[in-house]
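Shared between the two complexes below is subunit A, which has subunit B as its partner in the first and subunit C in the second.
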Partner chain A sequence: MKKMLSILLILLTGLLTLPALNLKAADTLVYTDSDYARLHAVIQHVDNVLKYGHEYNEDTKLIPDAINTLTGEPARWTFPNRAQVPYADIANQQNFFRTLVALSNVTGSDKYKNEAVDIMGEFMTNYQSPNGLFYWGGHRAINLDTLEVQSTEGPNGPHELKNMMPFYELMMEVDEERTLKFMRQLWTAHFYWSTTDMNRHGSYSTAYDTNVFGQSIPGDVIVMDNDGNPIIPQDSPGLLPFVNSATDLAYAAFALSNHTFDTVPAEWAKYLMRQYNLASNPITGMTVYQFKSTLVSKSPIECSDPAYTNSGCGDRVARQFRDFGVIAREPNVAWKNTQAIYVDNILMLLEAADKYGVSHFADWARDYMEGYLEYAYIRVDGRNKIIPMFIDGTVTYGYVVPEVGYFGPSNMRIDYVDMPTTYLLPILRTILQQDNDADKEKLWSYFRDIVYTFGIGDIGELGGATPNLNIDTSIDDPFALMTMVELYDETKNPAYLEVARTIGNNIVREKFHRGFFVQSEIMLYSRLDQPDTLALLTLDAVLRGIDLDDMPFYLADSGYIHGYLLSDDGVVEDRSYTQNVIYTKTIFDWE
Partner chain B sequence: MKKILFTLTLLITMIGLIGCTPSDTVPTDDPVVIDTTYALLMDAEDLSGMADKTKTIIRVAGSLGLPTTYRGVTITYSSRNEDIISNSGVVTLPTECWIESRDQQGLSKAEFEGLNDNWPIVLDVVLSYQGQSRTAKLLFVVAPAEGFTCNKYLG
Partner chain C sequence: MKKRYIFVLLILLFMLIGCTEGEPVEDSNPTEMTMSECRDTPLAVGCYIPSTDLDHISTVPVEYLIDENFDTERINQAPRNWLLYKNEEYKADGVKAMIAEADGGNLFVKMYSDGLRAPAFPQSAPTPTFIFTTKFNLDIDRKGIAYGSIWIPSEVPSNSISLGVSTGAVNTISVVIGSDLKVNVKVGGPFFYYSGSGDGGTEYQTAFTLTKDLWYDFRFEWDASLNEVKAFIIIDNVESLLYSGEFHISNKVNAEESGAILVPNVFKVTMPRYMSGWAYLDNVKVERKGE
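The block that comes next holds the complex of A and B.
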């Protein structure tokens, strides 16, 4: 009888706990066929990139920046002497490395990460200058025919990184010593300690300085006038502190400090970022692309031609937009280079806040974003736009430029600027890094409008309540995808995940062609730095219950090569970017 | 003991029955309640006609006829330059040009006359409905009044 009683009691207990067990089961995500189809597309793409990339020259593990999806051949840079050079610029392949590591994470197979380690290892071992800089970036690449370093900017192109934010975690794993040497030399080559000037170009001849961060941190460059407005020095001898280069400098210094436990590099990074913060407009909160203007070093006669835009003639905005008075300075423009300010730099600030404990960077990111959206964000004809203005809120919309200058030809009319989907992630991550709801509300309101206007539907109220998303959205954008994945990860509201799946399916349908991810079906080259595959793997990770903190994180896809080349007409020597000469080619351009 | 056993069996059966109510296993046709307030607030911006006159240069003083309601949504405006467009949407044509343009040496040229006479004016909009609200912006371009002056070079 006692036995029977025991059995009954066990049954009773089991029944009482059943609802809890059911709840847990409901929380488990089901991995569907379409989920696998997306992963399979990424695997095919990666396998093809590796197959064709390695096939071209079996003497190297390096692979090209872009692959011709009709032939499997590498993209080639055509020099003015007609030499067609297949190239590998490792700075432009960072999202591919992140994709490889992410793919190993979701599949459980080490082979993809091992590929990343092998490629990176060969590069780091063979292509680091004696002074510590790597042969990569805007003006240097590896010739995949000769395996020699190639310069696209004359015979000795400088080192240049602009918002490339290398995958330092991988580099550290591959070769700690070389990575640390590079991080230190990045500052030695690009930062002028005595004057606090900064040069986006770094020399491969600058000697390696073992005591690179040894100087004391100076006083702030930016001081305030009696009205509390920042005074922008006009003393930079052509060495302008553009935020796109500063973002890479700061990121390297934070990663260096984090790895070595030496806080000094991080203090220099904070100092550098503080100058941009101090130069921000105290009323609007909008921030700057640079915190200095150039020193006038050329003669008035040389500079009398408005078409001569050399920075030695002084601030180029002051010259071309002089009608606006003193606000017309390069640092104060809020309609050009905004991606570098409000996307790339914000993502780095938030990364530093999140991973390296620089919590006030999250406050700065909020100030910048709130100011920019409050003053400049507008919906026009159902599209997300930016009202062109200076950072004090002076609108420049409709202004007709009287004379030619750095910003364009005479009679150019300043119009609204498109707000691309790249803005989604920095806005969302800024919101997610605020501690209090009160600090999130304003940004969430703009974010809600922006997402809606991109056709994704209503994300609902702050915190993810009551979304009314467009489950059939046609958007096929990796930033929208990562946004929905990160929203789901934060709120666990499955509505975001469902729309993320739709976006993921759209990406595969619209961008996966001939075995590669391309910008669209007709585009010829598959670019290794594209963010689509990393975004798809981020979704896959969440579906598998992998913590996003354990996945490679999207930071930028700004890789490019800039330099001299032969135009498509085969005659004229030109100076351009891969974005203009490689990634604009369609399959119809291929004979 | 039999009584106890009977009671326990009854209890288990009841719990089992309660645990297997149709609502847990069979999908119902109950409509999901979706709050459409936000969509209405977006429609109010897109469909109320508030942006009708943002496509042309405004050359006549007077009311822009900005809507203050749309399907129950309350719409208010706040001008960034009340001298030219008031918060109620009334235009006063300015008596001077927006910007006087000159060449790099600061000299006036005939070809620059009239280049930048028209003023861009931003209005901030608040749309509210049943305790929810969102913001929007409108940008109008207003021409100066006849006989306007243009001698305000800032360069």
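The block that comes next holds the complex of A and C.
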């Protein structure tokens, strides 16, 4: 007996000591000083944004969309007559709100989340139209000088959200009633129940409808021809159903259903998303930017100048690319606005599949991504590129545009388009949300090539086995960082985490300047919606053992303002976006 | 002894059970990593070092003026400090502005426009083809005086032309010399983005008609504190008032009467779309306006 007990003791001791050699840190990862250094930079950035953002006008808690890192002052929208408006467009600050909440999560201090609540609270209380829409989005902002609503499109710029995907969890916490009212009115103002038209623009004078989802869901807009191809109606009277606006409508409806347990809004969201799915090309799987084309409503004389690109003159691709025949329609372009389709919309579909149980959205996401990558992805000169084409696979590469139009000037040669790193997350999340390995393999293969081409190394076999990652990668990209963090979170393979740490260090080294995160050292503005800080906090959370489900989730950073402004030369009028005119400024452009 | 064995065994069993709940090994080089002391106190003194006040630059505008007689420019070259607008749709020689020399040695700018293209915005407004500009800054004074001289040639096809001062893209006050050589004054506009009605400012007729092949001098004044703009023509050193009035609404914030006046910062010469021809420019000057 004694001998048996001794043998048992020796066996057990052996069993325990082998893993115990490594398991001294098994309950937690080692959080190093280098890890803290990244967090330190994020805290400094946030503190500076709050300090200088609040300092500009102490009569408000609102802060500007971007801060001039040379002056500490807000970015300003400059109208054609030089009127300058420092702007706070809360729709464009969603990643900052997510950053504030995430920062409270990782630091254990409520002060950052409280800031988010205070800012959001003041905005929601003071800047909601009586009809329920907030004064935010593509054409409205708050003037930080006067604290009045400023339109950039005209005296009454419309409501417009394109892939802004507000942080509804926070908004619900701040003011549930106003949030629900907004979500409902978003549909009333943008969706035309009688005609199933959808308008990216919503009016602030559309009355609030308490029975907004009370209509019965109609038949599908998209029907098939005898060959099984979708028929895209060309009857939209200027109400173009851009997928970027539809993404926001669907996201609001899902969030509304989830909160109220009323399934009807979610059914409408599914109906709306189904129209894009039905309009997809049945052969390639690539999907559309819009499921309707516009009706010609202007006279031939008005439309005789090709530079006049009003949608009332008809489909703008049909006008400028008529050499390509009937496929040349705005819905079918697969080289411009693809971020809206294959990144922002996919991320929303996957969020809906994951959080709200719309599992077939994950299948759609796979179909879209597989089709797009199979036909349009190419590696050229060691870089990830997109082959310009229509969604039936008709290539436009090399085409020289004969005349000016919506898509650019005359004599413009259509070339490969760089694939941005933003594609990493939708591809990865699509893979991770497939139930069967067989459904993952094709996308994983593309994903592996794409990640490698971005210089991150080989992610290995499906499931995260045998990676051979570039631990010294120079990439300093938040999407690459979030991708590696989510890969680690899924596989628990520490190799991904080590690369994530490298990318995080690169981001801090290359982008943290003058007290703020900027796109690069020479860029003038620190934009609140930038995803870098949220990505760094995602990494920090994983290192602390915080579940990613408990962290604010990255969905988009598409916030913008669009309207009339003074062009860069300072002497002619332009109509453009903050992303093109303001956030492209460098420290050398500052006068 | 048996009890002791059983006791040790039980301890080891408990340890084993506890270990099975743990995470797999995470760190590739755990021996090289040490836990940061700031992990659990990231905001504590000794860990977090707040930014000192950032060293920001002043936002007070730097004022500067214009004094251009073009005498130091190179012949057949575009003058320095001036911007001639073009976009991808313009023909290579669709618009031109180049230094020329008169018989007496005076240098001036010959300007040509084919009238075929124009900036894309504002749409539906009478946007000119030829836009030739230089900048100044009197944003602190908020008042000033500008001069410019125009010659309508007979040796080549001449063009309608305007010259004056603008606030960015929007005209403040200018003179418009038509193809009939009559002189009008235009105040404000276009402010199309706001009204949506093709607002092109307000044009006032004068009694003056120019003659070709002579230099005509014009003077423009503005004073935001008095809400006043003026235009003069100077012939043989005699100054004649062409117009005096308030700033146009398009020179105010949001084109509202209550909006602050936006003062000019651009000296601008334009020739219209759909008309082609030449005009000459000289002696552009912006100076401070006294009390």
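Rule of thumb we're sticking to: the second predicted complex is superposed on the first by the 552 of 591 C-alpha atoms of A that agree within 3 Å, B and C clash if a C-alpha of one lies under 4 Å from a C-alpha of the other, contacts with A are read in each partner's own complex, and residues count from 1 in each chain.
FYI, a contact is a pair of C-beta atoms (placed from the backbone, for glycine too) under 8 Å apart; a residue touches a chain by one contact, two chains touch by 3 or more.
Source: prediction; values computed, not measured.
Student: In this superposition, which partner touches a larger number of subunit A residues, subunit B or subunit C?
Tutor: The larger set of subunit A residues in touch belongs to C.
Student: Could you tell me if A:G238 is touching subunit B, subunit C, both of them or neither one (first, second, both, neither)?
Tutor: Neither: A:G238 stays clear of subunit B and subunit C.
Student: Considering only touches as defined above, state whether A:Y452 meets subunit B (first), subunit C (second), both or neither.
Tutor: first
Student: In the overlay, answer first, second, both or neither for which of subunit B and subunit C A:T78 touches.
Tutor: Second partner only, subunit C.
Student: Is A:G357 in contact with subunit B, with subunit C, with both, or with neither (first, second, both, neither)?
Tutor: Neither: A:G357 stays clear of subunit B and subunit C.
Student: In the overlay, answer first, second, both or neither for which of subunit B and subunit C A:V400 touches.
Tutor: Touch partner of A:V400: subunit B, not subunit C.
Student: Which holds for A:G325: it touches subunit B only (first), subunit C only (second), both, or neither?
Tutor: So A:G325 only meets subunit B here.
Student: What part of subunit A is shared between its subunit B contacts and its subunit C contacts?
Tutor: In subunit A, positions 1, 5, 8-9, 12, 15-16, 19, 22 sit in both the subunit B and subunit C interfaces.
Student: What part of subunit A is in contact with subunit C in the complex they form?
Tutor: Subunit A reaches subunit C through residues 1-2, 5-6, 8-9, 12-13, 15-16, 19-20, 22-33, 35-36, 39-40, 43-44, 47-48, 51-52, 70-73, 78-83, 106-109, 150, 153-155, 307-308, 310, 404, 409-412, 492, 494-495, 497-498, 514-515, 544, 563-564, 566-567, 569-575, 590-591.
Student: Sort out for me which residues of subunit A touch subunit B in the complex.
Tutor: Subunit A reaches subunit B through residues 1, 4-5, 8-9, 11-12, 15-16, 18-19, 22, 304, 306, 319, 322-326, 328, 377-380, 382, 387, 393, 395, 397-400, 402-403, 445, 448-449, 452, 458, 460, 466, 468.
Student: In their shared complex, at which residues does subunit C touch subunit A?
Tutor: Residue positions touching the partner: 1-2, 5-6, 8-9, 12-13, 15-16, 19, 22-28, 30, 33-36, 38-40, 42-43, 47-51, 54, 56-59, 62, 83, 85, 87-89, 119-123, 131, 133, 135, 166-170, 190-194, 196, 250-255, 259, 262, 265-266, 268.
Student: Using the touch rule from the top, collect the residues of subunit B that touch subunit A in their complex.
Tutor: 1, 4-5, 8-9, 11-12, 15-16, 19, 24, 34-36, 38-39, 42, 45-46, 54, 80, 99-106, 109, 111-112, 115-116, 118, 120, 122, 134-139, 141, 153-155
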